[in-house]
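Take a look at the following structure, please.
A, B, C and D are the chain letters, set down in written order, and residue numbers restart from 1 in every chain.
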């Protein structure tokens, strides 16, 4: 028998710049169903859920909630319409009481003559907390006195209080211990019993299978498949998740993962908040790929390698036994770093192309602290031609360039400083196909010149396609190391990732 | 609703007051245009008419002044009289504001006045206070502008004295006997049997302030009184609020205090001080107050007994300077040497005296009538000379003012 | 408007609730409550004690306490007004100039209509107009840089000087009732309770807290920053106006200020608010701010009585403010770090568990 | 002229890309040249209303002598401006150092000068430490420091209302020296600001702290040095004003920080820092302000209206430039 559909979304599109997060994505959710939503990094899960809960706005496509067109601007509206979401990051405020946290921007419910009746609010809060079986939390407490898990529970309570028709849970569980998880599953059950539906997003497949009735797999922002209870097996899910097709393959074709044995850069037993005991060695002329889930700690690793963050223990050492503990040292030793937040960290958006390219090299090109303008000019023109950056003049401000050209500017700036080692964090994020290709070409050229690259990427095909050696991280620990060979497939790797 | 109404009210008031002051600004050609000033000039206009035919050959000239800020009982009548004087002497005047209380600002003000091609500048005691008298002197000398000061004593042997006295364009400075004034206040308290006094005064080091302190000390010794504390912070002593705060600080930290001397700036602090005394139910007979510089409400205060004596009314100085300058410009200068003029205070210790002051000066807005002033120009009145002038200065007193009306 | 007068009976409700709520509170909270009260009492008391020790003769009497308190009233009211806008991250330095302008107009009106009513009319009127103006420009320009506040200060103070023209800004005692004993207390208490109610019971202040706590969250849950800041600005202007009324009645007059001098008026208030923030953990900010004001005033009175130059209070205040700000910054950093580690710790825990 | 630009902004929605690019260019151009336009406009305007009264050799001199200190002060903070911050503590730093210097000078002139500059630099260092370590809100922190040292002035002065400066210093008071100093300081600052690593790094910080750190800028140190420089030059300003005023008092340098700020805004220097900070803005701004003041005096405008006019100009220019800048940046 088929229940009636609560929510139906048809060809939703959403794109950030050149990257298409969702492409004509279709989705249906039935009453009383607990639906899992899985996919690789950047497959559009979170984008979709954010659209549902009003944090984002879709470019095209319609959504129908119980056959009524559904469009919201804020999570408040969404909740009013019966869609509540529990997000990854912390959604509570320290300085106020638990009760006020539960009813952010819903205080109006309890107002009499424009005054909030705190008694009423606290009673309601108590109810809300009892509902999810977290009544041991005192609604009068200041939230900063609670630990993280309890705060998460508050958010769950907030979401549950208004008996949502649809509850969206976005990778919440990995911030919860067993106890918290029980609460979570409990509330999922209760929603289900009430005839509501749940959209459950997670990377933890076991959990997924135990919790969900059915699961929808996404890939490249497209709907792939929906599996139901019986045929939900981890293996199958993984197969469906991976195998994203690439428009036309412009990765390197050779499979000789040859590089000199000379180790020029290494990290020893790095442990920090997000990393535990990672060691790696980079050889001359090697492209070392580092992969994993978005929050597996690889980005943090990149920062540590470049000396931006200090690890709690362990050290980063470059060839001549100098320790890298701040970016300046790293740069002085010929390391370059492409941050994944390009616009805020990798380039100065209000600077001209020239200034950006010259910035790291200034010290070198100055003689007696004087910087001859023509030298700057030479450098910037040399490299902007080398990388064929599209621009009117090198005086043009970077905020007018396309994402790809910005990335080229970043590369130009490190090549201008002739870096021996490049740490690339998501080098092709938000970049159009054309530029992607040149960047890959550049990486190869780099390799040929006997320089080395550390490529941190959330995209498996890229990793497999480009790197000589891959290190896969999971929850901050290196789980495996794979050498380049034709036989390597995404399926193998995903095993380790999830 | 109430707010709406009040808002509307304020808007109208705002507009009204703006229009008001802009108007007055027009008809005196300056911002310094109090009700008093307006009267004064309206007076002066017809007086000019009266004096005009007499003064065919009186040269037209322009005086530069520094904006004294909002009206107060000391500077208000002074500038009212000064504006009237200048008009009566067939002159005009222009004001500048000082951006801040500093030597830099004073010098810039003078420069700007010179830039506005004035023939003469009459300064208050800024130059003395900020120690830039020499610079001002040089400025005026090189750009051939006559200048005078009031409330400013320069003593032989001081650098200021050398800086000014040998200058061709320095006309005069007028000053008061401040030791005497402070002595008068303090001794009055002493006579009333006060033992422990607090002082509100100038920051130490200020020439005027030092003289007044000398006067106070003189009286202290004489009557065996004790000075408990002094508030000299100009950020406090230059506002009514400050007066209140100073007063309450005295009261709170010196229960034994039974007298207060306001050695200057009463025009600002006195009202605040009296308010505090009132609210503390003190001041009538348990705390005596004597003050230097006149205040708007001195009459009431004297009457109610919060104030026991006040000395001030030294508003004639710049007028004398103006007369000297005018005569110089008309080529009939009374003395080629720069003049150091000591002018008189007016002492009020009873309500009646205060009433007469208000009646004859504060309300009419002048101490010398335009005719009298016009007669101080030698071109109008050939038998006006230094002696007459000196007598005029020495005679200045409340009685003298009353008598001349 | 949150600070409407029907706050009154809510105010009583508030007090009741403080007691009522107090009964059913957990041990932890009773402790917190006591700690808070101690903070509130001790901090000013300690400062006062210092001076008592230094000059017992002058400080050991009820009168001096009362005098210090009366001086504190209008500063405190100003500070109270600034709480919300400072929470929303806007240090409004132009309030001093605004207050002066209000006083000037108020005094002129009072002299016009020969009644003390003119003062509140003037002050509040100016407060509303200028406040509205600020709120408007704020939402128009979308940047609350202090440089704009400085610009306001300049304009307001010069406008004050122009309007004052050469008129006298001294008030005769007829018009100064509002600064006197019964009235200033009435203002103090009414405004205090109103603010307490607004702070504790209004939707607006709840939103304000969310904004100051986590702007993204506020945005996601549909709280409009513009609206909230606008209200905050209006409140600060209103309170500034009242403090103006009391100030110019208290001192029987005012003086027009040039340039940036008026910052001196705002500074103590600002410090008080920072003190309030520092104590917020333990006690309602309304009381915290009052404690702050008492401290600064005790000290400036004390300096006089010790025969020190009273300008030294500026030195002290500046130093005090910097220390407060630095400590707040440092603590913020620590708590951030702690949170980050907690997150991961929780994450690791569940690996173990699953 | 500003009016029509605002119009342009209103029209944004409709214009096509090409037009848009054009209007963007136009705005950039405007931002670059409006200070000049302003200056010329002011010159002409006051020339007309005063019937050529302001065109005199004397005024040329007094424009120079009045804007002189502001220009030097402005150059001093220019490195902070580039970082998008400002030094609001100048006023009392100048006063304090001047007073201390003037008190010591009688014993040994050189030492006096040294102390003046030394004290200022030290306070600059303190500022720098606070700014780089805790980066508080620069404005509030500046004000707080200003209060801190402002409070010490009376104590520092002891029992006098102004400390006269020894002859050996006041003798140096002539325009030639001032011109010389101005030229020297300008050349040095302009060089450092435009052609050295330090200068570029300052601008980089103005553009974005994270990005500059990842490009190898030692953010903390650069921030620190910038404040030290501003302190140092505040010291120089203190010496100069001692020389030209013949005395140091608590009033010395009063409102200085503010006047510098006005100059900076009228000179079109952006509050946000970055490469858009052009030193010429400081020069033009200072001159414009002075001309406005002088012009209005000789025009005989109500004295206090002058402040208001300045204030309104200040706000208007601030708002317009900020708006235009945002519209240019957000593309």
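The definition used in the following text is that a contact is a pair of C-beta atoms (placed from the backbone, for glycine too) under 8 Å apart; a residue touches a chain by one contact, two chains touch by 3 or more.
Everything quoted here is computed from the prediction, not taken from an experiment.
Engineer: Which chain pair shares more contacting C-beta pairs: A-D, or B-C?
Structural biologist: When the contacts at A-D and B-C are counted, B-C has more.
Engineer: Tell me, please, which chain's centre (mean of its C-alpha atoms) is farthest from the centre of chain A?
Structural biologist: B
Engineer: Where the CA atoms of chain A average out and where those of chain B average out, how many Å apart are those spots?
Structural biologist: Computed from C-alpha means, the inter-chain centre distance equals 74 Å.
Engineer: Nearest whole angstrom, what separates the Cα centre of chain A from the Cα centre of chain C?
Structural biologist: 43
Engineer: Using mean CA coordinates as chain centres, what's the gap between chain B and chain C in Å?
Structural biologist: 38
Engineer: Counting only residues that touch at least 2 other chains, which ones in chain D make the list?
Structural biologist: 154, 255, 302, 304-305, 307
Engineer: I need the residues of chain A touching at least two other chains; which ones are they?
Structural biologist: Residue numbers touching two or more other chains: none in chain A.
Engineer: Give the residues of chain C that touch two or more other chains, as numbers and ranges in rising order.
Structural biologist: 161-162, 258-259, 309, 311
Engineer: Output every touching chain pair, sorted by label.
Structural biologist: Every pair of chains meeting the touch criterion: A-C, A-D, B-C, B-D, C-D.
Engineer: Using the touch rule from the top, collect the residues of chain C that touch chain A in their complex.
Structural biologist: 2, 4, 6-7, 10, 13, 17, 20-21, 25-26, 28-29, 197, 200-203, 206-207, 209-210, 212-214, 217-223, 280-281, 335, 339-351, 353-354
Engineer: Help me check something: in the complex, which residues belonging to chain C touch chain B?
Structural biologist: Within the complex, chain C contacts chain B at residues 55, 57-59, 61, 63-64, 67-68, 70-71, 105, 108-109, 112, 120-122, 124-126, 128-129, 161-173, 176, 179-181, 247-248, 250-256, 258-259, 261, 264, 300-302, 304-305, 307, 309-311.
Engineer: In the complex formed with chain D, which residues of chain C make contact?
Structural biologist: Where chain C meets chain D, its residues are 91, 93, 137, 141, 143, 145-148, 150-152, 154-155, 157-159, 161-162, 258-260, 263, 267, 270, 309, 311-319, 321-322, 325-326, 329-330.
Engineer: For a test of understanding, state which residues of chain A touch chain C in their complex under the given definition.
Structural biologist: Going by the criterion above, the answer is residues 55, 73-77, 90-96, 100, 104-105, 107-108, 111, 113-119, 138, 140-142, 144-145, 147-149, 173-178, 181, 204, 206-207, 273-274, 475-476.
Engineer: Under the touch definition given earlier, write down the residues of chain B that touch chain D in their complex.
Structural biologist: Residue positions touching the partner: 21-22, 25, 29-32, 67, 94-97, 99-105, 107-108, 111-117, 129-132, 134-135, 143, 159, 202-207, 209, 232-233.
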